[in-house]
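Scrolling down, you'll hit the structures one after another.
The following pair of complexes shares a single chain, subunit A, combined with subunit B in the former and subunit C in the latter.
Up next, the complex of A and B:
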């Protein structure tokens, strides 16, 4: 490995010294990754991959990295943790890739964390949640805007408390991501002395939520924190629409997965109104940085052909940003030395199409940039409406804020 | 060849296999073959273990994933609690798998055919739900595991796991071969063809079914136990993934269930194809290719590869020999 990075560096020096005519003959820089292209995470995985591919094409159009073309080596991990160890071993030992990107999501990423730590390899994370907290790898950088583990629940509860919320109901799916959110929500609530009046964990694949929502309503909570997966998110909102949730509820939502995807959003339509939920990127004024608009122009065109999420707000721009960070680090260090790149990534703030990114020691964002946004004025069956601003008003973080919370929840639904 | 020389040839082949595996771990430096090879060996063990109940006795167990997951989580729980070494984890998983197999065996008292299969799926769901709510082993969020240092003569943990899984394959095959050639195997074959008739002619059907379930369960769980250390991560949805059930069943059926070599051939063929497709075509197409392969075998070779290779087994599988 050391020998190869040395060679890479030597080539880079040779490249810089000899001008562009020699550059085209250099072998490409290979970036390896697995990506869920089948299975439960495939929808997200494909959108994320498209974002990375757009970056690859952009960087190659500019002449590549260190004058070498960038090539992606991508395998399908079937959304499963059991596939990724063999795939990453192949990427490193057989394909001899120069850099590694992680697959989308926590489950496929978790098994490769010890592997990259043992081998001393740089890994750019792709929307995992707290996957490095136990491993403690110092060459891991997550592109997701999560930030510190408790910031997610803290931001939602900040909004809720400002609106006068004093007690909380928790409704969570019995699955990995939702349970992680629930754990931090309970901790934050305890620290702030917010009593939890209702705490229901439901099994995955639950479709009928009316009895749960009735029980929740009977507990008369002020704050309803929901951590759910796409099919349940839809089921919960339908049940809330039919049964109502009571006038006491100031704020509803928080960690509902699925409400970021175009198909789910257009399917639910007006049922979304009033819900305050997390997001990563939204077409609001405060979210446009250098290159953001150009990226989405390209994405919108290519998404049709690639048959992925037509909006692509949730993951795709972060895939692109992951590439931008590598581009900046390789450009600044003028080498493919992974330790050098890691040092650069850790010590600097990086300009990307999703805003400036700075990392803390654990490789997560220094500050959370996870948005909490409220759905407003959403009509039924119209995907295009989500491209305009004002449909999801950003309430948190303050520097990206585009409006104030409308409370109580029932008032915001109209 | 008589029975004795058959035995000598079998054990000689086993010795050659194990020596080859061991020397491979010492000579080959590239780790990828061990990662991929481990998965293929794991599937051989699973398919052979599955066919003890599913092939010899004809009770189609769709709960391979339940036994596999139980193996994984027994290892995780034990490692978490006591830091037990790998061998102890595997032995404990085998014991727990055997106990679970006893329970499944009792199910066969009341259920046969499709109803038994459905009950085994239900079993997997029940156990997965239990594990999801067991915080000690990470619950629904999963758990990351730090491997202990590797034991000599191996220089990497994956190489050691590769060798361990090879030993498990040998154990599974040796047991399957013994059962096939013994009174147990003949009794299972009789009850597969007609359970009532077998019972009437004095075959102790319940006892045989219990033995088959317990052995099959113990072997599947034992094969699952090293997966915790292989992945260094365990989460219920991966450990109890239905694909283990489908793959084990498909491998045994493609290879043929009348002889222990059937599941071995099926697992090598299907397992290698899966590994190969994962790093070549690597898209939705690989699922399609596997599907087509299954359909072709079901239509073209209903008795599996061994049915194609040796017509003798076709007869035996039909119960006429």
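Up next, the complex of A and C:
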């Protein structure tokens, strides 16, 4: 019965078809994963997978790993947490994969953490937020730039306080990821004695945000921290534009998921101006490392064919970087021993196309590299504008910074 | 007080929009007893049709909605014919099996949209989207005013059609007593097929309003299944004016809760009100 469930749920198995004859003589190294290719997380999942596929093709073109070609075994988890435990059990017990990559996002990843810990398996995380904090698996390594749990909210509140913000409004989606962000934001605000004058959790499927924004405006906050999901982020920004948010607001944004994706950015156009939001990679001069430009040249060509996010800044280069870290670790340890690979990953700094990555004991980044960037001078209906620098000015972290915050929010919108 | 007044005004606008997306279901489910759970999927499909016309030819979303209405009428005729031939004609448990049929159609539509348009959300552009109408400190989004006016007109037109025209009265008759209609020499299946076509055609305009009010994505239909069925049942099955009243009550209640009591409570409101109304009037607000 269980087998049927996961066989029914499986949609695609991607297999590399080319390689040299020497490569073809040895069995491939199989890397298994599920990836959301339908459902709410599919936009991100497909872009992430394309990044991993580009790495696979690059590494195979260079001769593979340990002289064996790399093969990806990928199943669609439909963005659902209920699908992933069975898929990962199949990957390990039936497909006998050599290594595991996690699916994109927190929700599908969380339920496989006990499984990999119990089996002592290495799991390369893919943009989950705090899924290992309670599990404590020592073979988990997250490719996301989040860093320490509270650094996200802390960096936003640093900017807000510098701009004169003294009290805060919190508007968050009733979802795992957004609630984790809200929790840390409340903690940081408490430590800094920043009163929270508005704190609302809105449910998924909220159609219209005008009423919520009116209530938020009435609280006259200085800082507005929003942790929202893609369909809601667009609704919230529209309502802010129409209803207004008030002159008191110094800074608006923080944790809005969706504003990293080309289709959403293009749809919202000038409504984005002034918003300060998190991001992971942007086409600013401080963000280019060895191989970054070459990666995006390949991604841009293949994204059209694959019908995925044409920009691919948010996830795709980190999918590639995940492969690069495995490539370095397998190359250095000259084996597929998962404990050895984990030890190497934990003890070394890794050069990737998204910059150097070093892990702390919990498998998250030692230092946060999550960007806070302000949208500036964005025009309507033009995806191409986001390829040039200056449209999202990096305000944090300091070593990647490309400009200063424009405040108050209303002043930054023009 | 200002907040309460604002919540009521925005609630009425939201309610009229809910009426527009539910009124087709009031005909197909309320009058024809067809368990049309694919209604919101048809609605989202219409939104994508509007998106395509707006994106490719820069046609105003409302005109685009009007343009796809005849196509949706034909689509409705075809969908009902398949449902009738495969389920309704074959027995008394048609409704139960029909639910599976329409769920299947909804999933097929969802997958087709994903294959054609991808999984990203889509929106349209028009001069009235993103702007607001100012009343001193108070602002009303113009897209909501447009949705309100069009929704009101659509609901009133449909109510007039069903009560004043020959075909409209025939549709009401088939809902009341199919056998009597058959004895008078009319073909109830053809009338029901026509009515289902009308219910689907209305979705052309409703789909335009859906994408005017907010961006759409392939799985958005799931968000509307509960709301639309709640409106139709609360209204009293088959009552078009009841649909408008129930939708406005729901919109105002949701808006007040969102503004004054916290967003977390909003989803519970639809069903709490439905239970409340059914406890007092089991036949719904204007049901007979």
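We take it that the second predicted complex is superposed on the first by the 390 of 414 C-alpha atoms of A that agree within 3 Å, B and C clash if a C-alpha of one lies under 4 Å from a C-alpha of the other, contacts with A are read in each partner's own complex, and residues count from 1 in each chain.
What we mean here is this: a residue touches a chain if its C-beta (ideal position, glycine included) is under 8 Å from a C-beta of that chain, and two chains touch if they have at least 3 such contacts.
This structure is a prediction, so every number in the text was calculated from the model and none was measured.
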Exercise for the section: Could you check whether subunit B and subunit C clash or fit when both are placed on subunit A? Expected result: fit
Exercise for the section: May I ask you to decide whether A:235 touches subunit B, subunit C, both, or neither, giving the answer as first, second, both or neither? Expected result: second
Exercise for the section: Examine A:114 and indicate which partner it touches, taking first as subunit B and second as subunit C; both and neither are also allowed. Expected result: first
Practice task
Applying the touch criterion given at the start, work out whether A:179 contacts subunit B, subunit C, both or neither, answering first, second, both or neither.
Solution key: first
Practice task
Classify the contacts of A:203 with the two partner chains as first (subunit B alone), second (subunit C alone), both, or neither.
Solution key: both
Practice task
Using the touch definition from the top, say if A:381 reaches subunit B (first), subunit C (second), both or neither.
Solution key: second
Exercise for the section: In the overlay, answer first, second, both or neither for which of subunit B and subunit C A:244 touches. Expected result: second
Practice task
Would you sort A:62 into first (subunit B), second (subunit C), both or neither based on which partner it touches?
Solution key: neither
Exercise for the section: Would you check which partner chain A:89 touches, where first means subunit B only, second means subunit C only, and both and neither mean what they say? Expected result: first
Problem - Nearest Cα pair across subunit B and subunit C, whole Å - result: 5
Problem - Shared subunit A surface residues [contacts with subunit B and with subunit C] - result: 38, 174, 201, 203
Exercise for the section: Mind listing the subunit C positions that touch subunit A in their complex? Expected result: 3, 6-7, 10-11, 14, 111, 114, 118-123, 125, 129-132, 139, 141-144, 213-215, 217, 219-220, 222-223, 254-255, 258-260, 262-264, 266-267
Completion exercise
Given the complex, residues on subunit A that touch subunit C span 38-40, 42-43, 46, 174, 200-208, 210-212, 214-215, 218, 230-231, 234-235, 238-239, 241-244, 258, 261-264, 267, 271, 307-309, 380-381
Completion exercise
Per the touch rule, the subunit A residues reaching subunit B in their complex are 37-38, 74-78, 80-83, 85-87, 89-90, 93-94, 106-107, 110-111, 113-115, 131, 134-135, 174-180, 183, 201, 203
Handout entry: Footprint of subunit A on subunit B - complex, ascending
Key = 30-32, 34-36, 38-39, 129, 132-133, 139-142, 144, 146-147, 158, 227, 230-233, 235, 237-238, 241, 243, 275, 278-279, 282-284, 286-287
